[in-house]
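First up is the structure itself, then whatever we jot down about it.
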């Protein structure tokens, strides 16, 4: 539903790149969960612009304010509204885009849909829109940490263009990922990835890649049969992120090369726990978590806005060319990592609450 | 939401593999749309078991009955209930599965979630569940054909294991696809694909592949920003299908190898219509259709149930082995084609109705 | 949402008065709840036509069939589909209504909305539509009896026209209500109410009244602030019933005659339990149950279809007259009692599941 | 759903009486609807405290800020966030209420539900919560005025305690209602109603009454059969307002005294328009508007917080007494008038959009 998401832990995000600000309202958060602005700010800082030399230089502190739903550092059970003001808006950089569509961006489709468009900074199609998601997910993580303390969500850059990281999903930690500005889980690839991004940006070009995400400590039984399978929910959540082009779980597309005999994950008892000896299922079977780590990958295309002249058309219907201006990431991957984690946290929190409602024992 | 789907064109599916039957209730279908049981039956016949030598031999005519919502062959605007009885149920074939979990199937996770499971034929996790989807989509197609007569949805088998078809999305037709039992769009690959499936089945094994789907004639402007992007909705819908492991739109995962300069789709005027000269976007930009063909691929894993002994555990918590019984597809791809089309039709119908509500002119 | 209802315990009803049948699909029912067709049939029998001399003589056994979601007399957690076939349909009795609108019925408005209408028996606007609700509520009651064994829902006829029953909400029981065919809780009023209904029917006329409902044993804390207040949910549920014109909780409209000093319910401790010494709030404060009995009243208008000629217009736009035919209740109140209970059970079941999801301790 | 409301025109309200502020996010508003802060402010001024001598003296300008979704005074189709800061908060007035429950207020039930409560000013249970509704409805009215220019929503005080106004729903205008501070439609009752409120307030007491609302110019066909009947939606919306105890449509509870012969509304042609010669249906038949004026009444109880000592209990479980402090309306009716109109506008806007989606011609 447009800018609303979730069934029990429901969020409603709002805001354009240029305007009063961006934010989110969370309805359905359980009461008495510890919550402070600092807890939200920590995650916003991971996604904010200007955090390193390889991301967009737009200078936004992205300072959040909790407007409601919290009393003496605890949630009230009522809606939690979070506001982040836009500060460093520069609409003048976008004036040419008021009358020309950026190729592979949302400019034309917004006009086709609405007959109107806030051309300043991409409006609602700006990556700035994800602030509301990250803020809401920071709250979801507090709920998760109370319900499933052992749960760990770790996303990392798996590849940038042809540069592929080697990462062990069983052990990779958020600290390892946060220790480098490109947010890969493979120390050996950090320098080459940074060099690639810098070279591409110097050339006025852009580049994409793949984010991989592992969730360890998921209890078995999350996810609903049929339409709200846990993997379906994750796929929908990931493809709702800007610049995404694909999603795969476990063995993914490569798994289509195997036969059933090689692809199936055998069950074995591990003490009194049912485990699988391989995890091509990616932790989800029949749409429901099986207790093994959930593992999935998300493809991010190269950033659409580039500093090179490209063929396009004007809003008046004439062929023309456009060269990007404004401040943009030449590669969204490093900033995509916390956003992928955020959507994962929102899905898991919602499904945990659903499961609590339905399981009578 | 579990077994409910859609916002305006809302469906509620029900039914297990073995039991009274399967079906769907459609709420929100516009009135005065022509509808007969024959229109639904046509699509059910494309997905039914026993339709060819390469699919499961379970003998189900899957005859549908419209129980409500239709009067003198027109929809009433009230809920349309469709019922298909189960006929050829053989619970005895599943008795061993009552106490042993099939690897990579939903047996264990259903038990983990619900503490109970209809072990006969896989219950709700059976592909038989998709009958309700296909029946509902047959109705959605009638709505679509009234609102967008030029719309064409064509899915086809793109690959089976390493056998890859060469298909032109611009021209491939449903008739071409339906002309061969494997439902590929490439005549040159028909025989080898059939041979592969037969060989794999003879070996008590199974195999997967990729279904590609193209939608031509989509009006620009469908899809909602942020969470209900058209590609997000499609990704969620496709991953809700049994045995799926991945989804990609347009350039997909391969697109991460390109730079922005090579990946972006330039705009050019085509008369008074805005077109792109390439379609790496796959017909969707910023989550909204741009009028170019929508093109996506879905990965289907090899069927979990195979006729070979595999390691597993019992419901009592002991290591054991299990060899599949019952009647199963050694390759779900041929029957997946109409199901992928069905989910696509449901998504497009819903988004068309949404757009009608929101567009004031 | 048209024919769908509930957030976690979600039902989707379907069916017209004349056609294949009527029924419901329940999605979101917890697993391992005991359920048999007999449990549902018991409640269907309380609302079925032909059950006594003062209700419509249409001869329908209303025999239900559970098509899915139950295995060995326990719910599976998957959708429960219930089907009741229409048997004693007499479309010929309605032929005049195909071209003339019954005053104060839904004939004209269905045509205005849909441009089409199943004129046989009132189609979806028939009271027959409530079968799906009653069947779903029978399931909800099984869930309630597991979660809150002490919960009692008792509805009864409070008045028929000017005949008003004296009933003590604290003690009235379902058995008392079921002991008389008019379903009032006041033995002294049974005969006069029955006489009134029979006299009115003999005169080709109809009559309305008020159903009162008490719910004892409700745990405090059910209901959501703001839009989904428990009383708002009950009001919406009751006004969704055919022929209803009003809803009031506790002191209701009469409470507007009191001042705050006389209207407020003082709190007093009763052991370690917080109680109120009066209950003008009707068991709900700020939209949330306070543990006192929930008490509300629903106004039902006189049946619209009467056996007397009335002014009306034709579908062709001409003034004309129409005299009712077909089989109708001259007074819906006795059959409304189980339906009011049913909607109450659906609301309470849904809110109990919601509260389980949100309450972390 | 707690603090979310609407299906296509969806709002998410937030905010407590004391805290950062209150507001709303509107998702699903069509694009290119004229919108300025002044349009919203006009309605907020009608509901704000301190507007006259008979309402609460809390000094809040309730100045709104549109944070998103509007560009150059037109809606963008994206979420519209509206913020109103709390200014004149006086938490000290509520300190006693931190440990004692106000009778017939939401204090106890919030504690029972959440185990925590913002006791300052009633938190989310404050009438201040309705600011988000009124702001959203101001936007809905802009949509309505584009889609149905002739539509008029007029609410007015029908009675205060036993003082009943005589108002003609066919002609009463917003200007007439706004011409007096008590907001009744009967000039002859203005003085006595004001005197009653002032006398009651001087006595430290409170009083309730009835608001009546008429909607003229409603197109036939709005409302959905079964659960989302237009009257069911209105009933649910009205009972979601603070202090409401009852709802009745058209003839309401009094209609139960009539027989069908006297109660039915005969149809007659009026030119080519189908009309009824009476309107006991209140403009809605079978849950769908019939084109006649919609007419309903809402009962508001006397304000719970009074300046008189009352029996109550403490949060610690001891019997005690409490005398109200803080600033409160001795009678909520004058301020309830714009709020009843607001909920009506939200319902009608949502159903108009729904009808546009479903009606293919």
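We just call them A, B, C and D in the order they show up, numbering each chain from 1.
Heads up, the rule we're going with is that contacts are C-beta pairs under 8 Å (C-beta built on N, C-alpha and C of every residue); 3 or more make two chains touch, one makes a residue touch a chain.
Keep in mind the model is a prediction, meaning the values are calculated, not measured.
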B-D or C-D - the one linked by more C-beta pairs in contact
C-D
Among the chains here, which has the CA centroid at the largest distance from chain A's centroid?
C
Whole-Å separation of chain centres (CA-atom averages), chain B against chain D
45
Distance between the centres, which are taken as Cα means, of chain C and chain B, whole angstrom:
39
Distance from the mean Cα position of chain D to that of chain C, given in whole angstrom
26
Residue numbers of chain C (touch at least two other chains)
1-4, 7, 13, 28, 31-32, 77-78, 113-115, 124, 225, 359, 361
Of chain D, residues touching chain B in the complex:
7-8, 28, 30-33, 77-78, 143, 146-147, 225, 353-354, 356-361
Under the definition above, what is the set of chain D residues touching chain A in their complex?
1-4, 10, 12-16, 19-23, 25, 27-28, 31-32, 65-69, 71, 74-81, 83, 113-118, 123-124
Contact residues on chain C for chain D in the complex?
1-5, 7, 13, 101, 103-110, 112-115, 124-125, 129, 159, 161-162, 200, 205-210, 220-229, 231-240, 242, 244-253, 255-261, 263-269, 272, 274, 276-277, 280-282, 284-291, 297, 299-306, 308, 310-313, 317-319, 355, 359, 361
